[in-house]
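Read from first to last, the chains carry the letters A, B, C, D and E; within each, the first residue is number 1.
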Amino acid sequence: GGDDDGGELTPVNLQLQWFAQAQFAGYYAAVDQGFYEDEGLDVTILEGAVEIVPQQVVASGQAEFGLAWVPKALVSNEEGAGLVNIGQVFQRSGTLMVSWADSGITKPEDWADKTVGNWGFGNEFELTAAIEKFGVQNVNLVAQNFDMEALLNREVDAAEAMIYNEYAQVLEATNEATGSLYQPSDLNVIDFNDVGTAMLQDSIWVSEEWLASNEDVAEKFLKASFRGWMYCRDNPDECVEIVLEAGPTLGTSHQTWQMNEINGLIWPSPNGIGVMDQALWDQTIEVATSQGVISADPGSGAFRTDLAEKALADIDGDTTGSSWTRVEVTLNPGGE
Amino acid sequence: MTDFAVSLAAVSMIFETAGGSVHALDDITIDVRDGEFISLIGPSGCGKSTMLRLVGDLLVPTEGNVAVRGKTARQARLDREYGMVFQSSTLLEWRKVAANVELPLEIMGVPPEQRASRAREMLALVDLTGFEDNYPWQLSGGMQQRVSIARALAFEPSILLMDEPFGALDEMTRERMQMEVLQIQKQTGTTIIFVTHSIPEAAFLSDRVAVMSPRPGRIAEVIEIDLPKPRVFETREDPAFFAAVTKVRESLRGFEAFE
Amino acid sequence: MTDFAVSLAAVSMIFETAGGSVHALDDITIDVRDGEFISLIGPSGCGKSTMLRLVGDLLVPTEGNVAVRGKTARQARLDREYGMVFQSSTLLEWRKVAANVELPLEIMGVPPEQRASRAREMLALVDLTGFEDNYPWQLSGGMQQRVSIARALAFEPSILLMDEPFGALDEMTRERMQMEVLQIQKQTGTTIIFVTHSIPEAAFLSDRVAVMSPRPGRIAEVIEIDLPKPRVFETREDPAFFAAVTKVRESLRGFEAFE
Amino acid sequence: MIARLRRWIPAIGVFVAFIALWEAVVRVFDIQGFILPAPTAILAAFPGAWPEVWPASIGTFLSALGGLALGTTLGILAAAGAARWPMVRDGAMPLAITANSTPIIVLAPVANAWFGLLSPWSTIVVVAVLVFFPVMINMVRGLLSTSASELELMASYAANKRTLLWKLQLPGAMPYMFSALKVAAALSLIGAIVKEYFGGSQARLGQYLTLKAGNFQFEEVWTAILLASAFGIGLYLLITLVERRYMGWHVSVRAAKV
Amino acid sequence: MVQPAADNAGRPFQLPRRYRTIVSFSLIVIALAVLWESYKWMGQTTGGVWPGTSLGLPVRTNNRAMPHLWDIVAALFRPARRGGDEILLVTLLEAAMFTFRSAFAGFLVGSTFGFGLAIWFIRSPLAERGLMPYVVASQTVPLIAIAPMVVIWGGQAGLPTWLAVAVISSYLCFFPVAINSLRGLRSPPATATELMRSYAATPHEVLTKLQIPAALPFLFPALKIAATASVIGAIIGELPAGLSVGLGRALLSFASSFSSAPEKLFGAVLLSSLLGVLFVGLVALAERRLIPENRRIAEIPEFAT
């Protein structure tokens, strides 16, 4: 259902967590393919940076929509940000703890007495939860930069990495001993989805106050965004191209890898894309409260599924992606 | 009272320094008549420059009072009564010679062409034609001093305070400049307070010579110079001139002997 | 040849400025004997300071040659033969008076206590005891000049180049300083090249007086002063002294008349 | 003593007025904490934040000081070289500018790669690079601003270049050096904190800021900002004191005192 | 105040200044390049220790910390990404042009503001004493922490984004200019100030005819510092602005892929630095025009031994 009253588009902003990359391909595709325009929206995508807190941008009204990890947004809410999750795009966590194969770190307990890198900024809750959950002693936590130098230089024994980004970066780096790229076999990986402290990540947040009078806009935005993600599931190579256009300096194979892994975090979406899986929500809340990340269960008002469901009802095509399969991506040196 | 161009009443000046306080001037009382040429003479460091600064409202006396034409020194300064020639020539190094002479005219709002011609005239007066476009550092010491004299004369102030203006000049140039200044004073009726170390110079130029004693500076004696005016070249041959010179010299030696 | 302390042979100096080139010195040839006191006298801007700078190797002549004790001027400078008193006192503003006097001693590696006592001695000589801890800007013009004289005398150079050292001093102080310099010269045999505008001063102090003509500066005449040595206070009453003064004055007026 | 206290009255007055205004604005316009917390809220956050933010400030401050010392030293040395050899000046100035225009955000990863994420040197070196240029460029000017007559005086003593540097150029450059130091002191704190945004020990202000901002604890963020400012002002005052002590002779200090 | 003597009389031959700059700059660049490569070679040969010892080298020498210089240069001339047709250099130049605009605006605004502040402070010691601590404080507030707020406030006020970036850039610029100007404006000799007083010159005339000319030697170093600071400020400001163009963006994306493609980051660093050099060069040019010959940096004459 497009807007019929003659091209008067509603301008809205979307604040990303980081700069343009395949992690946000669905939104870029929705712009590129005119899905937002179909809904009468003129969407401006605001890229993120180190010091940008999307929750702050949304709460202050600079952007109507913001992407954030669930625990981070809940922390913001406890401080009075007043945000609502209207679309849970990622259905699983993409965070890994990566270490060298020769370090023998295969499970959280092995972090004891080791130096472990993390990003801070609220990206570390899964790690701290796991440390607590397994009662790991004497972990020396240090802040790592957003590259993987600390691990490559063996300054840390284990490092936080997103499966779609930093993990790939290691695999794009040249092993100076052999002269070829590092291989997955060189690395040990701990996946927080397996550890049981995984928390929900990228989701779409709006301010409660704004939402009260703009539910229609929100619904339209979700619809177009979901179509964008579905487009990227079905046309990953085109989406990679779209992203590359948005950020003219990105590596091609790296983005291809990322697109593939992002699809893996979204699909399959058993309830349809964007609809919250209550079990995962509960796990996130449980980990978050037990870790003291948040002081109390935010209750059911923290997310809404009705808008996403209404949006899905309007979409033709496969909204669950149950048949999606991972493809094999070859990484080039430097991600090129 | 208002007849006097400048009156100092019981003026004292004390400087505070890290090494203790310096009593530069003590109980100075003197009146300068309108149109008078008065010289200050005294040993080095006795407070002559300080006294000029007090008159020119560049320093405020620790005690006592300075009145200029019945006004405060400050008001007189704001009325632009003063032209000053400092002991060091104080040229602005980023201005060429002509621009330095034009400076006061600029500030007083004289239009550019008039400024330029006035500067040329003044530089000719001090014999520096041809050096208009040099920077100060390209001039000899005496030439710099002459530029600063030209600058002070350029705007015809009603009171000229001159601190050893001819100190770095040779005898011939000095004599010529003396005549120029006397000439200007005659034409414009300027009151001149003049610091010098040259006894003959003081005697030749002045209506009165104030002889100062060393630290704390006091006015030891004020000597009337009874020579006919205008002073001409021949004045220097006048026996009354020699008498005046001797009188000043003796007055100066007087307190030396006491020391 | 090596008998001479300083020899200038056909020295010319031309300055290039934006306003054209200034021919400051032209074909200067003069020899200064060892231990001699020679004065340079001439109109303002005739090149006296420039000549001192050439001797002191602070300028290199456009043409001609400067030899000092058979060496180049440069070598003599490197051998620290020169003590200079500049026309402007050139005190380092961040150093207190005593530290300014100590400067050359510091550079020449004199140990601290010796430096301090020497500085005290020299400041006493120029009558500035008690001002050791003042900064230069807290002194009068004449006092600053005396500090720079003290500084030049402090390290007993074998050649003293003095540019109007007593210009800002009153007659009494000046006479005392003259006697001190003569005294020092007698004791140490220093060669002195001395710039002054005072004809009596030149006549009183010098063995010879070089009279210079204005731009381009040339040596118009070198006048032997035939007065007994040591010069004493009474020398000034000697008729030969008056004769010398007159001779210098006439020589100076001579080329004036031609202009 | 009373006069001394009186000097501070305007600063304190402005402080009180400013805080009052801030508080009023926040209250009247009901500004949310994540945009600008009220001073009272920040004050209230101090006790809770203190055990964490204080050691972090000290760590950051020490790195900043280390970088300041290193950068200033190198800047002065480079300036001395540049003032002495025109060849160095012509060649090294563009390079110094190059180094200085390198934004800290890229220096951070490079420094991490060079010295190691955990090495204190990565922060010190980033700060030093940032501080180097203002010091050097001011010092070059200062060292070359000696007057011709002073140079002649030193030449007449056949002073060698080292003496010239120590006795004439360096003292003469003091007005430039103290100005440079004031700028450098402020830069050193910015440099250290920004560098810490990009990883390293977690007990540092930069990390504290990112953590608290990420957690939406803006009162805590402001406690860190205020502490950084306090250190900066302290450093500035210290430099001003030293300046008054050693540069009282200069007309600019005398002029400021009136 | 160059001594004329310095030029003649058997001094060693000197190239004209223009060439001297080029030659010595090239020499130093070559020397540094050789140093870089040989240090790297040494580190790689010895495995990161000083030869013959077990002392670690201060700087790592692997290909990520110190890529070969030829790799860095080559990266500049390869397409920014595979399949693209624009080489990295061109991409970066475009980004630099964008950043330059904000930086330049920030520079102008910041320097003017800094200079104005200094003038205010010399006129009113009360203002100086009241406000100086906060001027200093403003600089110690971590820019990166407040940049997002500035962008947010700017957005709420309806400013174009590049202008908000310029504001952040000017924030870094004004301080050095204010500090140096404050010193410079107070530096005319006391007697010159007395001279102006004796003319009863208005504060404005004292400013324009005495204080500003006397402050120029202090002002120009400050402007050079401000020029480089403006570039840094603009880049930092671009990050929270959510822009997809500009050097800040490019640098951040290269920094985040530093581990896998370090040469690109080094290439970008090189270019953003050149932007600073260009900027400072412009200031130096202005300096040469505004300060008369005798007041420009004096060469230390070849007096000394």
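Keep in mind that, in the parts below, a contact is a pair of C-beta atoms (placed from the backbone, for glycine too) under 8 Å apart; a residue touches a chain by one contact, two chains touch by 3 or more.
What you are looking at is a predicted structure, and each value in this text was computed from that prediction instead of being measured.
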Starting at chain D, fewest touch steps before arriving at chain E: 1
Chain B on chain C, rotation in degrees - Cα superposition, rounded to nearest 5: 180
Between chain A and chain D, centroid-to-centroid distance (C-alpha), Å: 38
Separation of chain A from chain C, taking each centre as the mean of its C-alpha atoms, in whole Å: 85
For chain C paired with chain D, centre-to-centre distance based on mean C-alpha positions, whole Å: 49
Euclidean distance of C-alpha centroids - chain A vs chain E, Å: 38
Where chain B touches two or more other chains at once, by residue number: 88, 135, 137
Chain E residues counted as touching two or more neighbouring chains: 1, 3, 60, 64, 144-145, 152, 189-190, 239, 248, 252, 254-255, 258, 303, 305
Per-residue overlap in chain D, given as positions that touch at least 2 other chains: 35, 105, 108-109, 113, 116, 148, 152, 154-155, 158-159, 163, 197, 213, 250
Touching residues (chain side chain E, partner chain A) in the complex: 60, 62-64, 80-84, 86, 88, 91, 144-145, 147-148, 151-152, 155-156, 239-240, 242-244, 248-250, 252-261, 263-264
Residues on chain E engaged by chain B in the complex (per definition of touch): 1, 189, 191-192, 194-201, 205, 209-210, 213, 216, 291-292, 294-295
Of all residues in chain D, those that touch chain A in their complex: 32-35, 105, 108-109, 112-113, 116-118, 197-202, 207, 210-211, 213-218
Chain D residues touching chain E - in the complex, by the definition given at the top: 7-8, 10-11, 13-15, 18, 35-36, 83-84, 86-88, 90-92, 94-95, 97-106, 108-110, 113-116, 121, 133-134, 137-138, 140-141, 144-148, 151-152, 154-155, 158-161, 163-164, 169, 175-176, 178-179, 182-183, 186-187, 189-190, 193-194, 197, 205-206, 209, 213, 221, 225, 228-229, 231-233, 236, 250-252, 254-256, 258
Touching residues (chain side chain E, partner chain D) in the complex: 1, 3, 17, 20-21, 24-29, 32, 58-60, 64-66, 122, 125-134, 136-137, 139-146, 149, 152, 175-176, 179-180, 182-183, 186-190, 193, 217-218, 220-222, 224-225, 228, 231-232, 235-236, 239, 247-248, 251-252, 254-255, 258, 262, 265-266, 268-270, 272-277, 279-280, 297-301, 303-305
